[in-house]
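Dumping the structure here so I can ask a few things about it.
Labels run A, B, C and D following the written order; every chain starts at residue 1.
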Amino acid sequence: MSGPALAVLASAVGLLLALGVATAFSRAKVGFWGALLVCGAGAVVALVYLIGGAEPAMLTLPFGLAGQSTILALDGISGLFVLLLMLSGTAAAAASLDDHGHPPATAPAFPVFLGAMLLTLLAGDAFAVVAGFELMSLASFVLVVTSHREQSVRAAGVLYIGMAAIAGVCLIAALALLSAHGISFAAIRAHPPEGWRAAVVLALVLLGPGSKAGLAPLHVWLPPAHASAPGPVSALMSGAMTKIAVYVMIRLLFDLCGPAQPLWWGLPLLAMGLASAVLGAFRANVETDVKAVLACSTIENIGLVTIGLGVALAARAADLSALAGLALGAALLHVIAHGLFKTLLFLCAGAIQYGAGSRLMGRLGGLLQRMPITGCAMLLGGACLAGLPPSAGFASEWMLLQSVLGAVRLGGLGLQIVVCVLAAGLALAIALAGCAAVRLVGVALLGRPRSATAIAAVEAGPPVRWAMLGLAVMVGLIGLFPGAVLGLAAPALRALADTNLAGRADALGVSAIARAQGYVPLGVALLLAIAAVGIMLVLRARAILGHRGGPAWDCGFGAPPDWLPFGDPLTQYSAGGFSQPLRRILGPVLVSATVSVDMPRPGDTRPAMLREHSQDPASQYLFAPIAALRAHMSGLADRMQFLTVRQILSVMVTALILFLIFIAVLEQL
Amino acid sequence: MSSVAGLLALLLHLALVLAGAPLLLGLLRLIKARMVGRAGPPVLQPWRDLLRLMRKQPVVADGTSWLFRSAPAVALAATCTAAALVPSFALGMTTAPVGDLLVIGGLLALGRAVLALAAMDSGTAFGGIGASREMTFSVFAEPVFFLIVFTLALITGSTNLDTASSVVNAGVGLRISMALGLVATTTLAIAECGRVPVDNPASHLELTMVHEAMVLEYSGRHLAMIEFTAALKLLLWMSVIAVLFCPFGIAPHDGPGATLAPWLWLLGIAAWAAKMVLLAVALAVFETIQAKMRVFRVPELLGMALLLGLLAVIFLFVSQGFAQGAP
Amino acid sequence: MEHFGYGTMGYDVAHMLGGGVLLLSFALLSQRRIAALINIYALQAIVLAAAACWQGFAQDAPHLYITAAIAFAAKGVIIPLALHRFVHRLNLSGSVDTALGIFPSMALGVALVALAIMVVLPTTSQSQALTREDLALALSVVLLGLLMMITRRTVITQVIGFMSLENGLILAAVGVEGMPLVVELSVAVLVLVAFVVFGVFFRRLRAQFHSLNVEHLDRVGSAHR
Amino acid sequence: MMPDWLPPAALVPLAPLLGALVLTLVRDARAGAIIAIIASAAGLAFACRLPWLMGSGLFVLVDPLSAHVAILTAFVGFTTAIFSYRYILVELASERIKASRVRQYHALFMSFLGFMLMALLSNNLGVTWVAIEAATISAVLVVSLPRSANAVEASWKFFLLCGVGIALALFGTVVLYLAAFPALGSGYAAMTWTELARAAPDCRGPMLNLAFVFMLVGYGTKAGLAPLHSWMPDAHAEGPTPVSAVLSGSVLNVALVVILRLRGVMQANADAIDPGPPLMALGLLTVLFAAFSLWGRRDVKRFFAFSTIEQSGLAAFAIGLGGVAGTFAALLHITVHTLAKSALFQCVGRAAQRKGAQSFQAIGGLIVSDRALGLTLATAIIAVAGLPPFGLFSSEVLIISETMRLHPYLVPLLGIGLIVSGWQLIARLISLCLGEPSDSPGPAVSWVAMIPAWVHLAIVLGLGIAMPVSIAAWLAAAATVAK
């Protein structure tokens, strides 16, 4: 079973890349239809492969790095991510078929992007994974800068490619460090790194693929880039691409570095994961662009996944394989769940951007009635985002919290206190995400429209609607049957931590300890349904049904005047207003927020101004100094440039004389 | 305990809880009134209010969506589900394996989120202000909640209320962590239920409202459901405190003679009722002597609770360290 | 070739001529007037030609006479005359624009000679005395030429510095025993070409700027980064 | 058929040189361009026979290394000659270059190409040196052709710096001959690369050191290694663009090949210092310096000249790494960079003509105004920035891997250089190709004009993802030669 699956998926890579070339010379729809079919087939193959036991398979291609061959491989780990990628890709491709999904210029890069991600997953040697990863960066860059006539998009593109360059070089360096005895994964596994090499690999992986995944402090590129891309592309970037980066992290840290790594390896992951989770969730509360909110929440979710990975890494080192399995299961389940519901949410955002003419929350409102299907899909996605039971977001967060509870067994008092802080921070992040979800849905979908375009909003076209429907069904199923998804992840768990979730995950529910009580989403859903039916029955029996319309009471403000067709917009809470308490309380701590008030003196007619200023700590404390250093270095280099001929000659002669002195000294010794 | 007994216990529990929630509220109001020298409404007054509200036709604000109309039912359903997961007089209800404290927290968050969304849907400034404040408080309440869960899970080895409660009942000794946890839980319960000093449910000044501001636009049966939800939530939190910190008297689920034992149940019901009354008295006293806080002071209060929770966990670690070092 | 050993006549003459070239390099470095500079350069070329002649005689390598002839004709006569004409026609002021004072550059020059000796003598410990001396002298001349190029501002002094550097190269090449003709030819080509190109440049420079000050040129460039 | 004294390999440089002679007599611009194309095509055709003409004589050396770089140079010369055809016509029309100078242009271009090939295929150090010198002079004269004040300044700088460099290289050559004297005695044999390589262990080690220093500084100037690079940005920015296209490839390659051969000699001698560390130091310094210099540039061609300097530094670094793997990476890098960069300069030349200026400010939105040109330029920049699937990606991966294996502590510096430069390259891609199109007074650029660039990029692509085993073996053989 496994050999043919790999062959099919490998040819899918080839097909997708070829499709990109073909699309460049034909109509855009060709690329999207092709991507849809290939991804659909790939999803089926991946599912069958995972259900069939996920036997590892290998395939050698006759071309690759400088005359050598390329190895492709498929196992339970990559199979799981392939499934996610193919599902997300199918949905995004389907949504792209809508006339307003994309500018047509993106069409050739779209299948290439999918193909590059698939190649990264199927890579069986160091070069293939690097090539796939970099090609993925390049293709997504092309997709991001499609609407390049806008200055903000170009700025986002510059930032994006810079971070991609850092990620790429770090990844290459990490793999170069690993592949001292050959570039195939088998050879690397046979010689896992030790000592400082292992530590450097860890650092490079966190900086490289970590930044691609959106881990703090290298996350600053993510919100503008994901916001700039067309809807289906952002869906893929947030839903799938960040997960590919997570896959690379897992592949390198868990698989290729071997199980013999020390316990402290988990700590950097925990720290960065927690920072990403809290910062991402907080920024999701502050941004006013729908897509930027979603992108920030991606940072948060990647943080959650990384915390799971960190616990798993530490637990594996401490020989707590049950805990490692739980944490890794939580991370993988969250990867799948987030991958799908974030794809769904970005498709909604794309539909809103076209249908309501803006993605700024201050110009939206009341869309649930005008775009019912998009609105309902976004409600479902929002529930997942907030981690409300029994949605897909809750099960994985439940497992994650359970694994953090278990993590106190990892070490002494110091580590326990770290775990304790981690637990509080994790809860804070999850709560912040809930707040952000309420804000997003409440401002964009509910209330009164805030602009004329929002009044005239139109529902998304049929392809997008079908894509949303499909994703919604999958997300719903994951929420109700997390155990089934964990069943698909079983081969990955076996391969990564030599453990399983037997007795802890079944079709009905999940639990932290084998055969103990845990979380049964189906039961919760059933109870909710029974309660709802019961309430309905009671109301039928005892209450007066039906209702009467009227202007909002609003403590006596009454109906708006006729010349304000949707009420006075300013009396409705805005996105900024909603998060004001949070900004005021957490802003100074997390994003160095400052407020300056300019109050004119009495008699002065100029308006009073209140300015809020905030900056991401990563850009403030990391990127700004680095940029300043870079500018300083460039200044130094520039000074070398506009010298007179005489001065240049002096430099040259100095170099020669230094060499001569070097030789003279060498001779004297 | 057999499945039949579990089901029976569940049904009895639900009946008690659903009937008792407005009564508890009534009792609370009565005690408060008496403490400030008023006669106060009868204990049954909340029930009467609810029935009266159900007989009025609701007025729904123009421009609201279906979400506005269905939110009260969803919030109530979520709270009912959570209530079904918190044991009152007996352990081992059918619903016990379905979820643990985290699930209960999630269900309460669901109810809160739905009501906040409904408030936003009304498109008024007060809806927004209420939703914003409610969600902000929840941000600070959640870490406290999780640290409490953390403490309990470390002491009892489980996050499941049934298991935890039976472990506590079996005796874990008098622990400083439990005491700190109790204080933190109480603070959290006050914040979650919107009681003084976090919020004043009897407030008539819109600008100071939190929870009440969210539901300003509701009337008729919708309002009845929301009121009922609030009452249920109060009872639920009190039950959580009771079942975790003073579980004595509760009917065990897995004794050697794990059969239907009516006298144990009766004992459990009595103990539970007594605990509820005691807690209501304590709450009434507390609310009477406290003034409502400024909105921006609330995170400080919750921050204190968070620190207490942290202290609880740290003391636990320390004592575990002693325990490991002693033998 | 025992008559080239230390203390022999052959050694002494070669040594003296090589030393003369180096001495004239120092003279170039110390000179403030352009006309005198050109004259000293011509003198250096003539001494170089003499050195090449002597080497041709001593090594019994007739092709070195050709080198000597080229050096004498081109660098001893033609180039100095042409330079004199340029200076006259362009009406250049008679003094050298120095970036580094005469004395400091002389001191630097002495240091460079010391460096050259320190570098060459140990590296050539197995070679015969003449080669060692010759190479050290040649390297010194090369380094002094470079020093002149970087401590003088006007184009004409830079050109002379460059050409004195080439003199050092030839000194090195002729001093090496049995070096095939190719190198000498290439050196000749270099001198010729250098002159041609400089000539072209001088014409073009004058056409563009009516000035031969290099600093002026550089400022034009820095407007375009 | 062929006279005995004329080895068949000598035809490779002779074809362009003869073309140059003929061109001095041709006045017409079109006819001149066509003759140049024919001459360079002949050179390429002869060069393609080189792999079957392996062997060495007193003056001619054909081994995989020289043959490979010669084919590469001839190929780039050929496509550039094609590119020049239209380029010069446009320059003439816009009066940036005088009609009387066009004749000089083609003749100088061909002589430049011919001397480069001669330097590559010569076995004699002296001949190599003369050829490089002659090629430099041709290049200087070509650069000064536009006759603007800046072009004069650039060619002056070019000449003076390269003249000094080449003089130092000659001194190095003399010392090298002296060093080989005890092993090879006097005569021509002591100046051939093949004999030197064979007799290297018996040479005087300390003398080799001295020779190495002078030749490194001398040829390093030609290769544009910092701090000896200053002539390069000016020459690129001010000279005609076809010259930049060839300059950034061939001059650099020839200089690097000489350094590569010298490294082989040094390594074989036990007394000589290891040439690796100085080369790596210079290479790394160049990479970093050029990467940081990229940021403040306002002139497009100057910008890409710094990118060339950076790539040259990278190649020198890889040569310094030593071993077959390092040399293989260096050769691959030289190859793909030459192809990609000349394609890039072709696009830049067209863009500058189209927009009537070569500053970043004046060129924008190329993809909108000239789709074919914009896309080709973007692709070329992506290739030069070292992104997959292009060949520079492979070579950079190889270089980083090899560095990681031998000197892991140098990887951070190398990484910083690559990140800083790659970032800026793509940022400039955005500013050149994307956004609102700027004014386009020049002639429109057709798809057909882009074909030479596409051919280059296609080869770079092929070498990047699917290098045939035969070519890999060929490159490996070339790397082994100079081990």
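In the analysis below, contacts are C-beta pairs under 8 Å (C-beta built on N, C-alpha and C of every residue); 3 or more make two chains touch, one makes a residue touch a chain.
Because the structure is predicted, anything quoted here is derived from the model rather than measured.
By number of C-beta pairs in contact, chains A-B lead all other pairings. Comparing mean CA positions across the assembly, the chain most remote from subunit B is C. For the pair subunit A and subunit B, the distance between mean C-alpha positions equals 35 Å. Separating the CA-averaged centres of subunit C and subunit D is a span of 31 Å. Subunit A and subunit C, compared by their mean Cα positions, are separated by 68 Å. Measuring from the averaged C-alpha position of subunit B to that of subunit D gives a distance of 77 Å.
Within subunit C, contacts with two or more other chains are made by residues 119, 122-123, 146, 149, 158, 217-218, 221, 225. Those residues of subunit D in touch with two or more other chains are numbered 156, 160, 164, 168, 206, 209-210, 296.
Within subunit A, residues 638, 641, 643, 645, 649, 656, 660, 663, 667 each touch two or more of the remaining chains. All chain pairs that count as touching, in label order, are A-B, A-C, A-D, C-D. Considering their complex, residues 119-120, 122-127, 131, 135, 138-139, 142, 146, 149, 158, 162, 165-166, 168-169, 172-173, 176-180, 182-183, 185-187, 189-190, 193-194, 197, 200-201, 204-205, 208-209, 217-218, 220-221, 224-225 of subunit C touch subunit D. Interface of subunit A with subunit B (complex): residues 365-366, 368-369, 375, 379, 383, 386-389, 394, 398, 401-402, 405, 408, 412-413, 416-417, 420-421, 423-428, 430-432, 434-435, 437-439, 441-443, 446-448, 509, 512-513, 516-520, 523-524, 527-528, 531-532, 534-536, 539, 542-544, 546-555, 557, 559, 566-567, 571-573, 577-582, 584-585.
Within the complex formed with subunit C, the subunit D residues making contact are 124, 126-127, 129-130, 133-134, 137, 140-141, 144, 147, 149-150, 152-156, 159-160, 163-164, 166-168, 170-171, 173-175, 177-178, 181-182, 185-188, 191, 204, 206-207, 209-210, 234, 237, 296-299, 302, 359. Within the complex formed with subunit D, the subunit A residues making contact are 63-68, 127, 130-131, 134-135, 137-138, 141, 145, 148-149, 151, 154, 157-158, 161-162, 165-166, 168-170, 172-173, 175-177, 179-180, 183, 200, 630-631, 633-638, 640-641, 643, 645, 648-649, 651-652, 655-656, 659-660, 663, 666-667.
The touching residues of subunit C, when paired with subunit A in their complex, are 99, 112, 115-116, 118-119, 122-123, 143, 146-147, 149-150, 152-153, 158, 214-215, 217-218, 221-222, 225.
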